[in-house]
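Below: the structure, in structure tokens.
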């Protein structure tokens, strides 16, 4: 029954990678906490780099300067 | 003053359906908890089926197999 | 499969009221969008009035002044 | 280490405005709570006006009637 | 830089289990998507069973009837 | 009409500090994006250090080792 929300920057994650992430997180919740995988929900949200800030600046700016 | 966030898979909900959902949830919060409808906020987020997992697999895969 | 998150101020909602809210929102999603009630998740979060702001001030202050 | 999520309607916020918002919120958390700006994350989400409700109706409808 | 929010019912997860979950999710994001573990944030929220609904009823009620 | 959610570790933020944060964020949204302060909602959530992870470990562990 857990609900997991994963936010990442939109920088080309593939459908296959997202499927592996969903499978992996669901397994972790089952293995560590005994949660039922059938009702575990995982939602991935991809956010434009203009809309993600860390250290007071956008990821767009950080990428431009090689970070 | 309540804030409601509804996440659904992006599978063709119409503007009219979303408007009905917003109206219905706002009424429920007023009827059951006496919350002021004027300051009740409802945000609907539609998520690609590649990004939504349940039972350890994506909704894309589930739809493909008729579930 | 929808996921609904409802945030309200912690001001005495009863277990019975919260149960009605969960039932009502789940029905709305089924009636309007045809979503399966069995996998609809509703999570209610109650937030202290010191931690909720509207109009630039906390609900604690608003309640004190009769709003 | 704080995490801030800002949801606004998608109505033309520019990259420059979003960058200023990220910078401003990060500074506030540092100035008021002494939080380390280097690990402060700010995520802005822009939501279609059809998907944002207040007062029981969508922002699309409100804009149409001059509100 | 990813942000992960995990919501579970408050039913006795230990600090050790939560630490393992944080470590596991952070590793998954590094292994699958190449995300930097140093800036990956994981927040676990535990929700009272009265406040968590699935299938239109609260987890409190479901537990009472052995589900 | 913006909605802002701020998550911080529960480490003693005072009501006065939280009120200043709410006021500051509301002003930023008004100054930068022209958002109406009267309908801007800010919700602060304080999370136990056992439940907050960064760099793959909990804040509880990091604080114990002077970080």
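Labels A, B, C, D, E and F are assigned to the chains in the order they are written; within every chain, residues are numbered from 1.
Basically, a contact is a pair of C-beta atoms (placed from the backbone, for glycine too) under 8 Å apart; a residue touches a chain by one contact, two chains touch by 3 or more.
Heads up on the chains, UniProt names are A, B, C, D, E, F = Tautomerase.
Because the structure is predicted, anything quoted here is derived from the model rather than measured.
Participant: Specify, for the interface formed by the sequence copies chain E (Tautomerase) and chain F (Tautomerase), whether it is same or different in terms of residue numbers shared by both sides, with half as the dividing line.
Facilitator: different
Participant: What is the size of the turn, to the nearest 5°, that moves the C-alpha atoms of chain C (Tautomerase) onto the matching ones in chain F (Tautomerase)?
Facilitator: About 120 degrees, rounded to the nearest 5.
Participant: Could you give the separation in Å between the centres of chain B (Tautomerase) and chain F (Tautomerase), each centre being the mean of its C-alpha atoms?
Facilitator: Distance between chain centres: 25 Å.
Participant: As a quick test, compute the distance in whole Å between the mean CA positions of chain B (Tautomerase) and chain C (Tautomerase).
Facilitator: Taking the average C-alpha coordinate of chain B (Tautomerase) and of chain C (Tautomerase), the gap between them is 14 Å.
Participant: Hey, how far is the Cα centre of chain C (Tautomerase) from the one of chain D (Tautomerase), in Å?
Facilitator: 21
Participant: Residues touching two or more other chains, restricted to chain E (Tautomerase): which are they?
Facilitator: In chain E (Tautomerase), residues 1, 3, 7, 25, 39, 41, 43, 45, 52, 54 touch at least two other chains, as defined above.
Participant: If each chain is a dot and touching chains are joined, what shape do you get: line, ring, star, complete or other?
Facilitator: Graph shape here is other: it fits none of the named patterns.
Participant: On the basis of the stated criterion, which chains touch which? Give every pair.
Facilitator: Pairs satisfying the touch definition: A-B, A-C, A-D, A-E, B-C, B-D, B-F, C-E, C-F, D-E, D-F, E-F.
Participant: Under the stated contact criterion, what part of chain D (Tautomerase) meets chain A (Tautomerase) in this complex?
Facilitator: Within the complex, chain D (Tautomerase) contacts chain A (Tautomerase) at residues 15, 18-19, 22-23, 25-27, 37-46.
Participant: Name, in rising order, each residue of chain B (Tautomerase) that touches chain F (Tautomerase) in their complex.
Facilitator: Per the touch definition, chain B (Tautomerase) meets chain F (Tautomerase) at residues 1, 3, 39, 41, 43.
Participant: Tell me, which parts of chain E (Tautomerase) touch chain C (Tautomerase) in their complex?
Facilitator: Contact set of chain E (Tautomerase) toward chain C (Tautomerase): 7, 45, 47, 50-58, 60-61.
Participant: Using the touch rule from the top, collect the residues of chain F (Tautomerase) that touch chain D (Tautomerase) in their complex.
Facilitator: Where chain F (Tautomerase) meets chain D (Tautomerase), its residues are 1-9, 13, 17, 20-21, 24-25, 28-29, 32-33, 35, 39, 52, 54, 59.
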